[in-house]
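So that you can tell them apart, the chains are marked A, B, C, D and E in the order they are listed, and the count of residues begins at 1 in each.
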Amino acid sequence: MARFLKKKHAPAGNIPGEPVFVGEKKTDVTEMHVIDYDAEHVGESRPGTVDALFKYRKTDSVTWININGVHDTERIRAVAEGFGMHALITEDIVNTDQRPKMEEYDDHLFFVAKMITYDTEAKRIHAEQLSMVLGHNFLITFQERPGDVFETVRERIRRKKGRIRECGADYLAYVLMDTVIDNYLFLMEHLGEQIEDLEELLLGNPDRNTLGAINDFKHEMNYLRKSIRPAKEFILHLSRLDSDLIQTKTRPFLKDLLDIATQALEAVDTYRTMLNDHLEIYNSNISNRLNEIMKVLTIFSAIFIPLTFIAGIYGANFVHMPELNWPYAYPVFWGVLITVALVMLRFFKRKNWL
Amino acid sequence: MARFLKKKHAPAGNIPGEPVFVGEKKTDVTEMHVIDYDAEHVGESRPGTVDALFKYRKTDSVTWININGVHDTERIRAVAEGFGMHALITEDIVNTDQRPKMEEYDDHLFFVAKMITYDTEAKRIHAEQLSMVLGHNFLITFQERPGDVFETVRERIRRKKGRIRECGADYLAYVLMDTVIDNYLFLMEHLGEQIEDLEELLLGNPDRNTLGAINDFKHEMNYLRKSIRPAKEFILHLSRLDSDLIQTKTRPFLKDLLDIATQALEAVDTYRTMLNDHLEIYNSNISNRLNEIMKVLTIFSAIFIPLTFIAGIYGANFVHMPELNWPYAYPVFWGVLITVALVMLRFFKRKNWL
Amino acid sequence: MARFLKKKHAPAGNIPGEPVFVGEKKTDVTEMHVIDYDAEHVGESRPGTVDALFKYRKTDSVTWININGVHDTERIRAVAEGFGMHALITEDIVNTDQRPKMEEYDDHLFFVAKMITYDTEAKRIHAEQLSMVLGHNFLITFQERPGDVFETVRERIRRKKGRIRECGADYLAYVLMDTVIDNYLFLMEHLGEQIEDLEELLLGNPDRNTLGAINDFKHEMNYLRKSIRPAKEFILHLSRLDSDLIQTKTRPFLKDLLDIATQALEAVDTYRTMLNDHLEIYNSNISNRLNEIMKVLTIFSAIFIPLTFIAGIYGANFVHMPELNWPYAYPVFWGVLITVALVMLRFFKRKNWL
Amino acid sequence: MARFLKKKHAPAGNIPGEPVFVGEKKTDVTEMHVIDYDAEHVGESRPGTVDALFKYRKTDSVTWININGVHDTERIRAVAEGFGMHALITEDIVNTDQRPKMEEYDDHLFFVAKMITYDTEAKRIHAEQLSMVLGHNFLITFQERPGDVFETVRERIRRKKGRIRECGADYLAYVLMDTVIDNYLFLMEHLGEQIEDLEELLLGNPDRNTLGAINDFKHEMNYLRKSIRPAKEFILHLSRLDSDLIQTKTRPFLKDLLDIATQALEAVDTYRTMLNDHLEIYNSNISNRLNEIMKVLTIFSAIFIPLTFIAGIYGANFVHMPELNWPYAYPVFWGVLITVALVMLRFFKRKNWL
Amino acid sequence: MARFLKKKHAPAGNIPGEPVFVGEKKTDVTEMHVIDYDAEHVGESRPGTVDALFKYRKTDSVTWININGVHDTERIRAVAEGFGMHALITEDIVNTDQRPKMEEYDDHLFFVAKMITYDTEAKRIHAEQLSMVLGHNFLITFQERPGDVFETVRERIRRKKGRIRECGADYLAYVLMDTVIDNYLFLMEHLGEQIEDLEELLLGNPDRNTLGAINDFKHEMNYLRKSIRPAKEFILHLSRLDSDLIQTKTRPFLKDLLDIATQALEAVDTYRTMLNDHLEIYNSNISNRLNEIMKVLTIFSAIFIPLTFIAGIYGANFVHMPELNWPYAYPVFWGVLITVALVMLRFFKRKNWL
């Protein structure tokens, strides 16, 4: 299956702004979770209907609405319209094959990012699309399935750890993106160790599996790069954005986030370069081993083929072969054979093949 | 035949602004089709003469004139002049080897794009040139032959699906371009699956056909890239264009189109990288297999050539060869042969060749 | 001889602004040809002296002075001074190893371009330097030798075809450059067909000549690129130039010229990429064939070397070899030989080598 | 262990602005050292508490506070807060896996650089993070462990060598960065000599160790590049920075520093190119040697295999083999053998294999 | 010895602005030579002391002071201070491992360039640093050793050839740089011819020396590029510089110089590409030849090994071998051998190996 482009149901001609779910359906139900907080209070709820969300539109407290499951396009559209989003946002949320990006609208910012998990058995990275809409005092996040890496963030809000409770929805958005990017670094560190370990294999006794492993890592790095590069681009854009949705005190954090994204991108590129180097070393080593194999063949052949020839001569049945009757012919024959063999060995020693 | 540059009839010295048809003639007659619509009404017609088109020049309703077949340069020129286009536009429409591009004129915008179809038998992509002229309340499209992917768009206009009937000619132009680019993605997804599937072959038992397949895909990807890259460039330019031919409410759609074009371009580049990786893996694997072949040869040779030599010695006809008369000579002879063979096998086992 | 840099007579230390002819002398005499035209009249002459040219300096009609042969530095300098050109222009005209470029001076624009011809026998591209000076109502062109691709342009002027007689010297300059660039495309189309045809050879039975052909095409493409890339750059610059020497109505034509130059440059790059791919395919194919050769060798060796060994054993002359006297020894011997051969064949069939 | 990305203790979800030590703990105690100087006086001290540092905040003399050991996050945070730094600075100081960078804050500039040392036994470069905070009349430096290359700078301050005592904290920061970058050049010169020396090995008799050495140098160069490229970038930015923390008279020195950083970066790139060339030469040479090995094998085989065959024929035991009884059969037999051998030798001589 | 980075005496910690001679000492004495000229007069002198130079500081005539030998840092510093140069200029002059660059100071411009000479025996390019300080009406040049390519310039000044005597010190600086860059072109032309000649060798019978030659040329081209690229950059900068040290009438000459530098850089890149192509052709050819060698081996083996086997069978000593007694056994035997050989030959002919 084409992992680098997701299967769409219709080839072309979708109506623009008409949301069509694209991707694998990863959860059956759509779950909604709300945390509403300010410096003093925190409240959590799991509303069953979309309408229950709308009361958070104009509060002074910060509201984080998280929605798991985006295949229910009707519900997503209802949320989107209730919060005054452009029709294209809905379309982007449900089409889970978007590139990471940021879009500015009058009243809100829209982000798409990719959350990464690593399936250690299949040795494959899986990506899940995270869409975020940042408005005045609210942040709505859309995930493809339940379960995420944001539990620590929720705990921090509940327990008032760090400055999160004193800051606005923009800071919350930053914290979520920071968590996502940190996860990239964590994964890359994990893969990086394995890639660096491959190297010893390469200079030792590499086989076809080594080749397969290099190839697999290359794919995963290309896959990661596809998520990180546009993410870095939009973080750069965001850190320079002149919008009243981003408070001044959040800006240094965005710059810091940009540093981390840059580091992640550079790490991907470093590992890609390293894998290319690995492949070259692998190939050189294969050639080296071919040379060794051929040396063995050549040495055996060059020594024994002439000897066999000499032996063959004295197997001839000519009636008149004077040597055959000489009394010391046989020892002399052995002497010749050994001499030829020694000459050949010396020849190969001089050539540095032994 | 040079697929990457089309045959021109005259080498040089064409009169600029003098339209000369370049390409294969893909249809015999020139067909004209008109849809005229606004929020309330839709009308369709197939006028036989060019003059019948001119009444749509100044209407308030949106008019989409589609013309199939561009080899009749006289007729194309008549249309172009009737709608006040620059002589170079006519030339570009009939020369079907144009790069995708956008040009601004005072009263209209001119676009050239490539529509892609895939011939699954020849495993070849075919491109057809689509030229569009966007004026105030009209859009004229020129195609090389009848039959296109725009039927769904016509249906949407007829049945008033989506917002198309409420929007202007600029939105119609966007919808057509969106359909074209969506088609790229659909095709790439199709090719992408095949390219990703190639990989398993590569690590298994690749042959010359695999090499041919990699090469073919490389060509098709280069061919696609040639169409997509300039298209992305002009969409970028269009999305930032300050022209009263583009309404404000169409702009978010153009940005979305830019995203899709960017995704298409990135997909092409991902697959090109993947094909290069495939070729490297292929080559490494060929080297691997050469090593295996040579190991087999070397093992057989290194075991049997010495044995043959030993057998050869005792085929010699020397009169005085004491061993020949020994009663246990023959079993000892076999013992020596087997010992030598075992020593060789052990040698190769230690070298890890078995 | 260094084709990519022309031989200069003096290593260094030429006096700047002092014209020194650099290149091969390609004609013996310097020929001058003048066409003077406006919408109503055309006149042609072949003046013998430089002074006869000066009367065209301030006319209202458009004057095209063409000079073939630039080795006569004195005459070139006389023309240049008479028309008020900077000393460096003279130097650039006679030094025929200039890069394509445009230079702005107060009263005129100076262009250097390369005209390309293809020597089908030597399979080599030859370049000739074309220098143009565009002033108010005059255009002076300098070519290295007689004979050019501009005859159709002269005919168009004489017969009043197209708009050329209504336009100024800037349009004439455009037409000449258009002819030059069109010629590139024509040549590239010719080479492109051959390059695309090479591909079938590659997957079939390539030999050393194929390698030589790839190499030759690579050189010619590098050579072409050296002329086209700077030409595209200066056309871009020209199309944006704010100078009263370029009329407003000529600008769309310059943009069109830029499109053609871009197409030419992209075609060169496409073919360069294709040639690199060709070389990779060639190498992979060479490796493939080595594998096939080695399989043949290995199969023959692995089957017959053991057989020869067995035959060798029974050629031994031991007195006590019980098998030799068995009545069915010989048929059994053949049976063993055939069995061994069949086992080996099966082994290779399983390995997929047959 | 992943050398290109350091192990973090928590995968994701760290609280931003909450300093978490990342890296190996390289020293047990945190040491603080202060030099306070102006043109007339110098004073040094080793305060035991953080509070003792705060008196230097507003002096007119220049104060350089150096802190060795950054694992004691509490103490680092106390210093940072005492000098009014942003929380993110503390985080960056203790996370020793930062990219080199510069950050502007209202009252101070923050730099991160990498100090390089070369472990000649392990043939590995080790990097230590150097963080610097430049404020008005003070510079605070943070190092991972005791011992540094700045002793000469301290001596210069103590002995009033050069202009350092007349200049401000910005000049001191420049001197330290200059020392760090100079160290890069010194190391690169050391590695460069070894890389250039490798070349002779390559054209001689390279083996697997040569391959390993090329690979190792490639890694170290990639590692160096990772430190130098961002350092060059921030020095470029710094040299253009419009901040009152940088005095006008320091600017030429910063431009000079930029030159040195550029030179270091170019040297890294030159050596990387050279190593890639080395690898290519290595591979070509391996192929060359394979050819030589195969020539030896082919020559021996092609000469002796036919000879063995001829000898084999006359070993046949046919009853009716007339040649066997000819009186001169045996000498003729030898004549044939020698003739065949000579013909083969000539054949190979013509092919230029001998 | 590291040719790409020069040996410094101290690793790090040099005092900035403190000149330390870096490089090989190439002359024993420091020579000073002065030419002072205007349109009417020329005077030359060889002052023994630095003080004798200072009278030229404020004259109206143009003064060119040339100093050979920069190891005497005291003297260089004295000159520099006398002419009011920044301390960093002195440091750059005596450190002969500078990158080509230009620096603007209030009263003067400072240039560093590399003069190239080619040692035809060692096949190595040697570079000598040329530092120039351009002030009002004076130009001071510093060279590493006596003897240069500027003698023609001096002659032009003495004999009033060209416009040099009418122009200022800026024109003199241009002439010297022009001479330096022209020298690059001259050298490149020389190397280029050899590189283009290599090609014929490559398609013929390349050996290890060819590989060494490609490698050597690659190095020299990298070395040249290191000097030319930054030179082109600063000439570009200079040609756009807004400084009253550069007169308006000198600007067209600087643009011309930029053209030449661009041409030199493009030539270097063309030859680098060509050398990479050469290496690829070399490798392909090595593979081709391996194939040929293996074909010879395979053909000989595949023909004679089966024949030897057949001969071996009839050498067997079985008592009951009916064929042995057949009267026509021996001719039939020969018939079989020849048939087998012919079949094999035909097999190889079909495979196109013969």
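Basically, contacts are C-beta pairs under 8 Å (C-beta built on N, C-alpha and C of every residue); 3 or more make two chains touch, one makes a residue touch a chain.
As the structure is a computational prediction, the values presented were derived from the model and not from experiment.
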Third chains touching both chain E and chain A: D
Chain centre separation (chain C, chain E; CA means) in Å: 26
Rounded Å distance, chain B centre to chain D centre (Cα mean): 42
Shared-contact residues (touching 2 or more other chains) in chain B: 283, 287, 290, 294, 297, 301, 305, 308, 312, 315-317, 321
Chain order around the ring, beginning at chain D and proceeding next to chain E: D, E, C, B, A
For the chain A and chain D complex, residues of the former touching the latter: 149-150, 152-153, 156, 161-164, 174-175, 178-180, 182-183, 185-186, 188-189, 192-193, 196, 199, 203, 252-253, 255-256, 259, 262-263, 266-267, 270-271, 273-274, 277, 280-281, 283-285, 287-288, 290-291, 294-295, 297-298, 301-302, 305-306, 308-309, 312-313, 315-322, 351-353
Chain B residues within the chain C interface of the complex: 1-8, 11-18, 86, 88, 91-92, 97-99, 101, 103, 205, 208, 211-212, 215, 218-219, 222, 226, 279, 282-283, 286-287, 289-290, 293-294, 296-297, 300-301, 304-305, 307-308, 311-312, 314-317, 321, 323-325, 327-330, 333, 337
